[in-house]
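Okay, so subunit A shows up in both of these, paired with subunit B first and subunit C after.
Presenting the complex of A and B:
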């Protein structure tokens, strides 16, 4: 059964709009609106998911077909990512249902919905200017989210993170807009598939300039080195939910936009393989840098933030290898990260909620005794993030290693091994702290909702880890989209 | 379809045991029972299959995961040798664990973790492609980490070392996987063989180095051995027997796989010879010999009995690497023979020591002594284990080392022999230290009322002890298995009959040697009884010649404190854990490098903007140079 995918944008947008309004006169209801919105999105996504096995789900807005109107092209890749984003947003919202009052709750809820709107919009839209609009929505929501301090720090806002993100995000928006202007000027269209169609006739200099600006702009959003200076500042002071959203929703949207613009739209207009090489090595550097930085950080929020940066690098590198196995690995890594990272953020937020200031590694000490369920869920999350089988990350790393091997990328393989060792280092430290029961710690009950969501994500980790087979058909479409631009063009021109 | 022959059957049996043991871990006796039953059934299946001789070497069992990717399992005689030694040891160790674990605080699922790592180890020997190998390798490695923390000081450090080196080993396997995938586009063992056949010298060297990193780590090959003493020294006592006796064999299996299967004799020989060996073989043999020496000397200097045995394990595994490196029919047979022997005697040694620790709660040799008086049966089992470890001819331990030495002599290897002789001297010294410190000498007053080890602990030890002695008469029995295993990796075993072995240099008859030993023993007994029998005197009188220096003084004459102080003074400067310090240095330097990001991410907002423009200029330059701009 196909439902119009435009609902995936409309529902959260309406919900985001309704939250502040209802909160004026019906505080009780306002709390539940984002949840209802997300569940509505999940239902739409669930109904459409089956169709993704046959190819993209499209929709035309306002009765204007392409090339005039804005079209929605939910490719299987976009659909998979949107599913993950809705999942992460649901995870973040449901986990905090524990009857406690939190400061800035209304703003936070609104912004979560806005960020989700923007991120889902970015991955399913077929119009490049529309994508820019969604990028702006996401960025603004991101700035506000970054400003909301974590629980127990209500007095001061996280000005620093918000300011850096606003500044850097502004640069990013400007650059993306400049790139769009260049492309519009050269191809006279804003439909992504049409730009892709016409790109080969465009002057190389214009394409190169467009790539340069869009790469930097979207690279900032997807936390690539050295454009990610804002990320640690944001992760450090904001809520755990914000961290999960940045790593699982906002950044992932930027990542898909970057990949689509680079491989589907611009790559054919440039010298053979140059886009791939740039992305590959920037990705590899980001991975190495992120994992090394996480390894040398003491504050858990920073550790997880840097670790997300590292994973973004890994994802970009594996998608940019340009072989089927690399993309397959990248997709698995993407899923693994979207499942494992929220678990870690959530359990860390739980274990370190009473700490003022930084949350050191030692705040996990004895978690397995004081709160066994949290300890076990977090352990599985950690192992899933390293890539211990059975987890999606394992399949991802396996395919990535064999793809890098089959391409003879020895430098990349060395970087992967060193990065993995760094990764193992800091995640191992977290594990040892969880299982360090030398000091007695007061019993600490994990709130039910948080536990249930954690267990659910653990279940998905095992499900995909044991049975990755059913995803194969979708991954085939992902490969088709990124390897051959003609596929996207044919999907778009319906 | 013969279900017994399906490799998956074994995994399902063990997996069921592991699952139930993990779920029922709070009901410990149930967990123990389920593990013992399932592992015993699995061992039965393994023995049955082996006795029937029904190993279908070419059959491969596939489990599809993706469209073009499946996990493959299979057995041949070569992997059966390792499979059997692990699968048969497991139920014995599990039965042995019953009593010591019964009284232990229920703070971790001991049996569940044990069984998972058993499933992993069995799977490793049955894997037929590198991906399956890696999966089971991880399954085997990680449960163990939760068994390492025994609560003693420094057990946390042991866990961390194990973790770090476990990661290193996993990366090694992934590296091998990438090489093979690069060369052949697949990851089956056959692809690995082709990759080595087609590959350049560089690829082959990379394979050897990565293999040393991946499998040498598990088998405690220097310089990857430093996790082993810490981990063996700090695991739950009953598990150590399986950890050191069983799990380390998967590392040896992997090493054989890389050297003798993937690379193969033909390629090895094509590189000429160094000291009569192939260059790769010489590298492995010399590393193995150095490992044997380091392990032996470090073992000699330990007061902690578990650490002593752990270092001894490193030393013994070093001998196996010597056999592997020397290569050829005799030494390879010796190495495989030593695999079987080491499984048995290391298990019995850790079991015997575990029994002593269980009864006394003491693991320092300087605080033990005289256990022979209170735990005689344990002592005899332990003694046979020590004899086997030191290759003393009443146990089968002699045959395997004899083959390794003969193999080395056949090839006329100059430099190996002195190192191995030094290692043997060290082996004698540490064997004596643990016997003297733990079992001989004066019994402490507080241990006077200690009972013999419980029956469930004794039975497995006695079974292994009997096996060690019986096989000494008939070395042809294990040689039957070894020759089939060698045939499967394309080598010819040395000639053998039921009671004797032949090498290019000489021959060894188990029966004759044992008869000589028995004859000597009978002569000794006759001489002993032909003299007037002595009378039993108090232990203390033995040391004071019947005199009592100060009347009624509780004095100890058991000298085990700083047992080899003079040797230690001499050797310490040379064996001062410099490999461990080297690794610590590597860790420190990489931490410092990792901290470099602080200079980039320094919190300066304008700095970030400059970085972005810098990146833009850089990418622009790349586009200008290579992107066809202008």
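Presenting the complex of A and C:
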């Protein structure tokens, strides 16, 4: 059944505008309006998901078809990612239903929903300026999310994280806008498919300049090395849910935008393969940097933050190999990360909730005894993140290694192995602490909602791990989108 | 010593900034901004200029692009403003108590109070005029809304102790936002296209009643932006001690 995908944006906007009214008349209800908005998005996505097996789901707005009006082109890749993003946001919001009163919950929930709306908008829109508008929405919601302090730290704002992200995100937005202006000036259109169609007639220097600005701008959003100095500042002082959103939703939207603009739009206008080479090695460097930094960090929030940076690098590298197996691997890694990382953030946030400031590794000590369900869920999350079979990450790394091998990329393979060793190092330390029961610890019950959401994501990890087959049809479209720009061009010209 | 190390650390950043700025400058020179790069009927701008008035019913071309062709973007921009205002409000709420106290400025002079009271209705009327005529003359919802908010600001300067109702502002802001979406949904219900201007031929081109749904959207935006910016000004003034 097809529902107009524009509702993926309209429903959360209605919810957002309803929040202030509800705060006036039914104060207790206001914080749950965003949850209703997210559920609405999930319903639309569920109704449209089946259609993604036949190709993109499209829609137009304003009454004019592309390129005159703004169109929505939800490609199977965009749809898959949007589904994951909505899932992560629901995970974050539902996990906090435990009857406890938290300060700033209404604003927090609203921003979780809006960051997700912006991210979903970025991946489903067919118009490059519209993408920028959604980037702004995501970035502003991100700043507010970064500012909201953790539970128990209500006194202070996370000024550092918020200010750093506001500044750097502002620069990123400006650069993306400058790149869009260049592309519009050079092609007289804002529609992504039409820019892709006309890019070959544009001067190489102009395309190169557009790539430079887009790469820096979207590279900042997707936490690529060396553009990610802001990210640890956000992760270290904000709530666990904010960390999950930055790694699972906001950064992923930047990633897809970067991939789409690089491969579909700009690459045909530049020297053969240079875009892919740049992204491949920036990705590899990011992977190495992120995993090494995670390995040497003491604070668990930072460990998980750096680990997400590493995964962003791994994703960029595998999508940029330019072969089907690389993209197949990248898609599986993407799903694996979106499922495993929120679990780790959530359980870590639970185990370290009484700590003021940094959360040391030792706060996981004996978790399996004090709270067995949290211990088990976190263990599965850790194993899934490193790629134990059966998990999506296992399939992802399997395809990535075979793609890199068949391309003869031995340097890349060595980087992957070194990165994986770092990963095994810090994740192993976490496991060791979870199962270290030498010291008695008071029993600690995992709140029900948090446990259910954790178990649900564990279920999805096993589901995709055991049965990756049904995803293959969608992945075929992902490969088609990224390998041959003509496919996106034909989808876009509805 | 301190200073030198700061300068040394900033040098690479400066070099990168100059490189990016230079590249952008050269690229913008290269494309020749505003020239026709494609056949003229393939450039979106030319289509807007040729058909904008007849297709949207708005005699202000900027409005036809902002509210109709690219109305979805405008909904996004309204949301950006909403989030920014909510975010600033939330951060002010997160401040420690003494940071929220209203500071006592100098008492406004007689000229300020009396002159302000004379000017406020005129400014508010002008703001309303600007957003009501958005589809006919330069201006529109955003501009009109900001003008109205300046009247509110002037009021707070002239009468620093005036009581204001944050509830009313926040209510009108929300309702205006919902109206914008509601007008968009009319299109979805009638023609299956969100924000479709389903009655674009309604009224006489160039008169106040024309442009179909566009003036209604601009009225919603005007009210929304006006109450949002006023609300922001009101928030920043701090709590009464």
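We take it that the second predicted complex is superposed on the first by the 493 of 494 C-alpha atoms of A that agree within 3 Å, B and C clash if a C-alpha of one lies under 4 Å from a C-alpha of the other, contacts with A are read in each partner's own complex, and residues count from 1 in each chain.
In this section, contacts are C-beta pairs under 8 Å (C-beta built on N, C-alpha and C of every residue); 3 or more make two chains touch, one makes a residue touch a chain.
What you are looking at is a predicted structure, and each value in this text was computed from that prediction instead of being measured.
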Query = Which partner does A:393 reach: the first (subunit B), the second (subunit C), both, or neither?
reply = neither
Request  = Considering only touches as defined above, state whether A:205 meets subunit B (first), subunit C (second), both or neither.
outcome  = both
Message = Under the stated touch criterion, which partner chain does A:433 make contact with: subunit B (first), subunit C (second), both, or neither?
response = neither
Request  = Go through the superposed model and pick first if A:216 touches only subunit B, second if only subunit C, both, or neither.
outcome  = both
Inquiry  = Taking the superposition on A as described, I'd like to know which of subunit B and subunit C A:244 touches: first, second, both or neither.
reply    = neither
Query = Does subunit B (first) or subunit C (second) touch A:95, or do both, or does neither?
reply = neither
Ask   = Looking at the overlay, does A:233 come into contact with subunit B only (first), subunit C only (second), both, or neither?
value = first
Query = Which holds for A:270: it touches subunit B only (first), subunit C only (second), both, or neither?
reply = first
Ask   = Looking at the overlay, does A:189 come into contact with subunit B only (first), subunit C only (second), both, or neither?
value = second
Ask   = Taking the contacts subunit A makes with subunit B in one complex and with subunit C in the other, which residues are shared?
value = 205, 208, 212, 216
Key: Sites on subunit B touched by subunit A in the complex   = 64-67, 107, 131, 134-135, 138-139, 142, 146, 149, 156, 159-160, 163-164, 167-168, 171, 174-175, 177-182, 185, 187, 590-591, 593-598, 600-601, 603, 605, 607-609, 611-612, 614-616, 619-620, 622-623, 626-630
Task = State the interface residues of subunit A toward subunit B in the complex, per the touch definition above.
result = 160, 163-164, 167-168, 171, 204-205, 208, 211-212, 215-216, 219-220, 226-227, 229-230, 232-233, 270-271, 274, 277-278, 289, 292-293, 295-296, 383, 388-389, 397-398, 401-408, 413, 417, 420-422, 424-425, 428, 431-432, 435-437, 468-469, 472
Subunit C-facing residues of subunit A, complex = 4, 6, 10, 13-14, 16-21, 23-24, 59-64, 67-70, 104, 107, 110-111, 114, 121, 127, 129-130, 133-134, 136-137, 140-141, 143-144, 147-149, 155, 157, 162, 175, 178, 181-182, 185-190, 198, 201-203, 205-206, 208-210, 212-213, 216
Key: Residue ranges of subunit C touching subunit A (in the complex, touch as defined)   = 20, 23-24, 26-28, 30-34, 36-38, 42-45, 47-48, 55, 68-73, 75-77, 79-80, 82-84, 86-87, 90-91, 93-96, 167, 170-171, 173-175, 177-178, 181, 184-185, 187-188, 191-198
